[in-house]
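Paired with chain B in one complex and with chain C in the other, chain A is shared by the two complexes that follow.
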Partner chain A sequence: MKAESKFQIFDAVPDSLEPIRDFIAAFATANNIERKKIFKLSLAVDEIATNIMNYGYPLAGIDDGTIQVSIGYQDKQLKVVLEDHAMPFNPIEKGMPTPEDLMKPVEDRPIGGLGIFLARQSVDLFDYEYREGKNRNIFVVAID
Partner chain B sequence: MKVTIQTKNNIVYITIQGSIDSNTAGELQSHILEKLGSFNRVIMDLTAVDFLSSAGLRVLLMLYRQLSTNGGKVLLVNVSDEICDIMSMTGFINFFELYGSIDEAEKQFI
Partner chain C sequence: MGFSVKKEIFEKYTALTIGGSLDSSTAPQFGEEVKQVVTQNPQALVLYVEELSFMSSAGLRMLIFAKQKLGTTASLILVRPQEQLLETLRMTGLIFSVNIVDQYPE
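And now, the complex of A and B:
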């Protein structure tokens, strides 16, 4: 497979979630990535994009925000980067649920808080940086 | 996402097609609550669900809670491997009953 990359800018609205997942799936499928890995990568991106739309931009008082989605394949790694101008938010600093939390009966769980956990668990590497006024959420999946 | 809800023999059948993400989960939840009423036996067919995020898990959690307080339960039918993985990662799998077909699920309610 040759190295290539693509990017597209989406409005930061819930209606963009499916097109963002489709954009990632189309690129990954074209590069023969297996279905299960595509699903997990799409899930990770969907969860973080949802946070940007529902919290990042509203908290920054911005109602016409965008999310740039870049995807590239190189050196047996599929990498997605989300860039936005919303409120700085580092998902890595947010506490992850403990194994004890995950064993709690469903009825005792706080609603929510699972999105970032799922995002981080679903990719081989998750990274975050804030640079030049932009949040950059980075997702890497290793391809055998 | 498309959702169909039918009631037969005191069982509520929910059939979902498409993606359950944070864009569609709210609509799914209100459809379910609107039709659920005092019924407490639910079979949810996920055969045609190609994507489910934490927003979808929250709908399952809401339904589980609602039915538990009512002495009932929800049985999930044809959960894909990918969705099964999400349920395992989050521990949800321990609290839901999964079946391979609607027939199999129905037998639990007889």
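And now, the complex of A and C:
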């Protein structure tokens, strides 16, 4: 059951979110990763995948986009890479809510902006690159 | 796993029991229920979330929306959230805007 790496291609539609999370959870569970880490990784991936589906492909005018999800476990690191060919978008360049924003009473908050924040906070390393016409969003979780 | 929501209207509060996964594919369904509830100006919106195993920012946005529409006098109550949901609420500071309880009514 223990695999070193695996990938699968999903249609870039919201109905793929649960299958993507399940794909990650199945791999991580087979590698005995603790539940809390699996949850946080799934949350991070879900947030970025949602952005690709809701903004990346629509803005590029592509209605049959896909997301390739790769997962691997090596040297005490669990690594997920999402690849898509939507509009180039670097989540790291997007502004994050400040600590002051997060302390604001909910009545004064803007309704957006939390997704990328959650994605970046939920993994040990988040990275992005644009290569050969593809966005590559990279998530790394350290395993003790 | 999908998503389920069940609504019950009581004299003093409205309750939604939600289960499964609240992500970008299921948040609109939850959002519709929340919109209906807040137009009736309940004194409290009670969310039974014990069976809710996943919530992304799409779900959090619905909580923010609900709290904004309920105003400062009505409360948003979460009953028995799972640890992962609590952690997400802590990370985003939303934990200060909701009431977390083990049972409701007490």
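By definition in this document, the second predicted complex is superposed on the first by the 141 of 144 C-alpha atoms of A that agree within 3 Å, B and C clash if a C-alpha of one lies under 4 Å from a C-alpha of the other, contacts with A are read in each partner's own complex, and residues count from 1 in each chain.
Keep this in mind: a contact is a pair of C-beta atoms (placed from the backbone, for glycine too) under 8 Å apart; a residue touches a chain by one contact, two chains touch by 3 or more.
Owing to the predicted nature of the structure, the values given are computational and were not obtained by experimental measurement.
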Clash or fit (per the criteria above) of chain B with chain C on chain A: clash
Touching partner for A:103 - first (chain B), second (chain C), both, neither: both
First (chain B), second (chain C), both or neither touched by A:50: both
Partner chain in contact with A:42 - chain B first, chain C second, else both or neither: both
Overlap of chain C and chain B interfaces on chain A (superposed complexes): 14-15, 17-18, 21, 36, 39-40, 42-43, 46-47, 50, 53-54, 102-107, 109, 111-112, 114-115, 117-118, 121-122
Contact set on chain A toward chain C in their complex: 14-15, 17-18, 21, 36, 39-40, 42-43, 46-47, 50, 53-54, 102-107, 109, 111-112, 114-115, 117-118, 121-122
Residue ranges of chain C in contact with chain A within the complex: 1-2, 21, 23-25, 54, 56-58, 60-61, 64-65, 67-68, 71-72, 83-84, 87-88, 91-94, 96-97
Touch list for chain B against partner chain A, complex: 19, 21-23, 51, 53-55, 57-58, 61-62, 64-65, 68, 81-82, 85-86, 89-92, 94-95
Footprint of chain B on chain A - complex, ascending: 14-15, 17-18, 21, 35-36, 39-40, 42-43, 46-47, 50, 53-54, 102-107, 109, 111-112, 114-115, 117-118, 121-122
